[in-house]
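Handing you a structure now.
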Amino acid sequence: MADQTISRFPVPELSDLPDDIRTMIETVQEKSGFVPNVFLALAHRPDEFRAFFAAHDALMDKTEGLSKAEREMIVVATSARNQCLYCVVAHGAILRIRAKNPLIADQLATNPRKADLSDRERHIVEFALKVCDDSASVSDADLDDMRAKGFDDDEIWDIGAITAFFAMSNRLANLTSMRPNDEFFAMAR
Amino acid sequence: MADQTISRFPVPELSDLPDDIRTMIETVQEKSGFVPNVFLALAHRPDEFRAFFAAHDALMDKTEGLSKAEREMIVVATSARNQCLYCVVAHGAILRIRAKNPLIADQLATNPRKADLSDRERHIVEFALKVCDDSASVSDADLDDMRAKGFDDDEIWDIGAITAFFAMSNRLANLTSMRPNDEFFAMAR
Amino acid sequence: MADQTISRFPVPELSDLPDDIRTMIETVQEKSGFVPNVFLALAHRPDEFRAFFAAHDALMDKTEGLSKAEREMIVVATSARNQCLYCVVAHGAILRIRAKNPLIADQLATNPRKADLSDRERHIVEFALKVCDDSASVSDADLDDMRAKGFDDDEIWDIGAITAFFAMSNRLANLTSMRPNDEFFAMAR
Amino acid sequence: MADQTISRFPVPELSDLPDDIRTMIETVQEKSGFVPNVFLALAHRPDEFRAFFAAHDALMDKTEGLSKAEREMIVVATSARNQCLYCVVAHGAILRIRAKNPLIADQLATNPRKADLSDRERHIVEFALKVCDDSASVSDADLDDMRAKGFDDDEIWDIGAITAFFAMSNRLANLTSMRPNDEFFAMAR
Amino acid sequence: MADQTISRFPVPELSDLPDDIRTMIETVQEKSGFVPNVFLALAHRPDEFRAFFAAHDALMDKTEGLSKAEREMIVVATSARNQCLYCVVAHGAILRIRAKNPLIADQLATNPRKADLSDRERHIVEFALKVCDDSASVSDADLDDMRAKGFDDDEIWDIGAITAFFAMSNRLANLTSMRPNDEFFAMAR
Amino acid sequence: MADQTISRFPVPELSDLPDDIRTMIETVQEKSGFVPNVFLALAHRPDEFRAFFAAHDALMDKTEGLSKAEREMIVVATSARNQCLYCVVAHGAILRIRAKNPLIADQLATNPRKADLSDRERHIVEFALKVCDDSASVSDADLDDMRAKGFDDDEIWDIGAITAFFAMSNRLANLTSMRPNDEFFAMAR
């Protein structure tokens, strides 16, 4: 588990981790059958680990408003823009499962305009890409436009906040050269 | 306090907030003499608020490795790149205080190459800007280069992680059009 | 087969095609088990079809110099840069087969710097990306640099010419919104 | 004729070329009074030479739909975007002849928006530049817009396919540093 | 006064300057209480100095059409785009004075979209930024649009010409690494 | 002479101009055989006209340091980068005359890297393009590099200042859509 190829920075042994983090990782391992490398790479910094997953869960585990598949679409499209290998591959797998669609992740990662999306999904992805690439230009008119397309303010916040969270996450994964587990590549194809 | 111009999204009344958040805000207010708007704008989402400030404090309140002024330099330089008005103005004020230098924030925000920086500070800012603008290109050679310049791995992680955190923070501030308090503009000039 | 979703332009019936083109398509179908959509989309213009595949085969079916896997690496990396869904997905499948590596296509398409490449493969991909993105800046010094890395002039021409051919191919696929066959997505995972 | 300054790669002697290619070159020489260097530079690779000129002629020698001058306008405008000296100079000369206009090539090469174009010509050039620069964003709406401006689908394909062909051609010329013959510079001024 | 840190090029002594230039500088010094460094840095080239300030005064000291505050808004917004430390800091101070607004310069320099501007001021700044960043795309339609928003042709020329003048000025300041006087940073906060 | 197609703004009659400007234009006309449109377009604003040509002559008519052909090379290369039709065409003609080279202007305008330049000329053009495109990044090391290549500080200033002047000039020409006289296109071919 301490294989250095997971990250450019030290990866702790499970046995050296604080109890809450070790328990969290063991729970994921039981559920998934393996430990996604993001847990091991970030465990190098326990306080940052806890804040990272608290923010992640607050945004990605919600059930009202955006669906879980829609949330993953945001992650895959914006992470591809940031060329984040870990997030494209790992969340691509989760998206295929959540959307029950084996093609959607590769489509979104390669060219979101060519993906098989509903109008609602396309609006979500386009707004997310604007926040990802050029948040400084997000205007009142952009929010009004989203409202006119049927999104409420909680959904707009979620699209923006998920994009913002993965702007951080992509940079951490690129900084550490976090390696996606081999298991993710073929999952739900 | 519920003035909507602080954010494009609803801003809660202090009295409506969970106890822990209200206490945290009151403590800041006592210390600073006013409530920085980021606390009010993010209090709209208590769980995200808690995770945001936990991550912030884990990265910005550390005392070993990078100095507090160096941490603020990263924030001002990368937030300027992302055209984030809130972070440039608020953290510009904090940087002037921490660096005891009334010129440094405007220099860094306008053109980091023309700022009065030590060699060490210049290396920090340049690495941060690479993570900010093009994290996908951060290579093993970049890390080796930083090590050769005298940074240890904890400092390198901190530079990257602070940059990553403000990549998120800048997007949230731009999404919400978070307004910097007037107090920040003239502070420590 | 005349399904319009293959292309924004008319897709001919096999029975309406000139004999040489119909025979070529039937041969591919026998070998692959399906007809890759690029054959159907381009058959709309028989003379251009013939020239396209003559150029393709001259560059991609060679056996001396670059290996067939190396040729496909160029295609996947540069087509991802041009956001060409057809070429990334179809040639990604071919690359997985030729390189006997289920991970390499997704790695190259997402971030070539993070792909598991040998030094030789990395030099090939980097030179291809320069020709793809900014051919105007390719200098005598770039060619000398490739020679110093062990490439002969026929290999350098091939890297550049394959990249040039797919600069054309990617634009045709994006113009026609050419859809990759579903079969390609899961192939050789 | 084997002067290396025509190309960074070997340039064959006419007498060493396959009969069909030598005959083709001699025919051009008789007609033009000189051999355009593209024939000599590409003759280094006979199979690629044949496919290149077959594609070129299929797209540039057509007489229905786009006029020959319109086809050359696409070449000059997009080759200027790719900073391809050979194509701007050689096709600039051909454009001046075909359009019977000594100013149009320099105008299009420098700033297409300032060229003396009819509305139809302007629409052609603008669509071509979109395919040249950002084909991934060409949408169904772009095609509908061109149809509304009076273009049929064969004309739209031709604009896109000529642009795609010269995306290849420009990269080959930049790779080989193909030198335009001095004769082209002053032709039809 | 001959301190080399004002400029990368020699800075003349006041006593060595031609009478007209020395007198001009002494007048500014009496009025401002200090000599802005731009006068000293450019005095290295007396003929260019005279032409520079003649052009500057013709554009910036006019009283009809654009107000003096509006003229300074153009300078601050476009100089920030060009990352010109001297002009952002020095003209930021002048703008705060002319607009009687201590916040406006930092807002415009960081993100013009988030500045407290009237509609008229926003149109001025947006047109200026187009001339600054991409003057080649300024079209007849852009001028008609400005006229429809209530600007006359003299105002449109002024916006464009002030932007053009500071495109020159910003490059001179960046070439010479012209240092803003410390006095400007805190002025009119 | 009052033909509106010379400029988007009013073009004065010669007889309406102040004496000094009319005399200057008549002198140019006698020498050149025609009046270059820049004189007519800018005469709309006499004070700006005087400052513009004073700056122009101070930089372009010098005889020590850079040669006149070298000065024109800077103009053509940087004006092409800014897509300024007037300056590329008019100064292209002057460059062909000054350099006694009918090919050099088209080469520089299309791709400076492919132009027939001496090493000295190449260094001049590359430094000019850096000041043109990204003056904010011009560093002390860039100036040291130019000095190591044999340029003195007056030459370096001239390269930068000519580039800066045409950054202004190109924007004025693009703002006014200044039309190059037909005479320039064929001159000295």
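In this document, chain identifiers A, B, C, D, E and F correspond to the written order of the chains, with residue numbering beginning at 1 in each.
One rule holds in what follows: a residue touches a chain if its C-beta (ideal position, glycine included) is under 8 Å from a C-beta of that chain, and two chains touch if they have at least 3 such contacts.
Keep in mind the model is a prediction, meaning the values are calculated, not measured.
Novice: Quickly list, by label, the chains bordering both subunit A and subunit E.
Specialist: The common neighbours are B, D.
Novice: Shared touching chains for subunit D and subunit E?
Specialist: Touching subunit D as well as subunit E, we find A, F.
Novice: Taking each chain's centre as the mean of its CA atoms, which one is farthest from the centre of subunit B?
Specialist: D
Novice: Same residues or different residues where subunit C meets subunit D? The copies count as same if more than half of the interface numbers are shared.
Specialist: Same, since most residue numbers here occur in both copies.
Novice: From the mean C-alpha coordinate of subunit A to that of subunit F, what's the distance rounded to whole Å?
Specialist: Subunit A and subunit F have C-alpha centres separated by 51 Å.
Novice: Calculate how many whole Å lie between the centre of subunit E and the centre of subunit F, each centre taken as the average of the chain's C-alpha atoms.
Specialist: So the centre of subunit E lies 23 Å away from the centre of subunit F.
Novice: So the centre of each chain is just the mean of its C-alpha atoms; given that, what is the distance between subunit D and subunit F in Å?
Specialist: 30
Novice: Using the touch definition from the top, which residues of subunit F touch two or more other chains?
Specialist: 83-84, 111, 136, 174, 177
Novice: Which of the chains touch, listed as pairs?
Specialist: Between chains, contact exists in these pairs: A-B, A-C, A-D, A-E, B-C, B-E, B-F, C-D, C-F, D-E, D-F, E-F.
Novice: So in the complex, the part of subunit E that touches subunit B is made up of which residues?
Specialist: Residue positions touching the partner: 80, 83-85, 88-89, 102-103, 106-107, 109-111, 114, 174, 177, 182, 185-186, 189.
Novice: Within their complex, state which residues of subunit B touch subunit C.
Specialist: So the residues of subunit B in touch with subunit C come to 136-137, 139.
Novice: Given the complex with subunit E, which residues does subunit D contribute to the contact?
Specialist: Interface residues on the subunit D side: 111, 113.
Novice: Hey, which residues of subunit B end up touching subunit A in the complex?
Specialist: 8-10, 44-45, 47-48, 50-52, 54-55, 58-59, 82-84, 131-132, 135-136, 138, 140, 143, 153, 157, 160-161, 163-165, 167-172, 174-177
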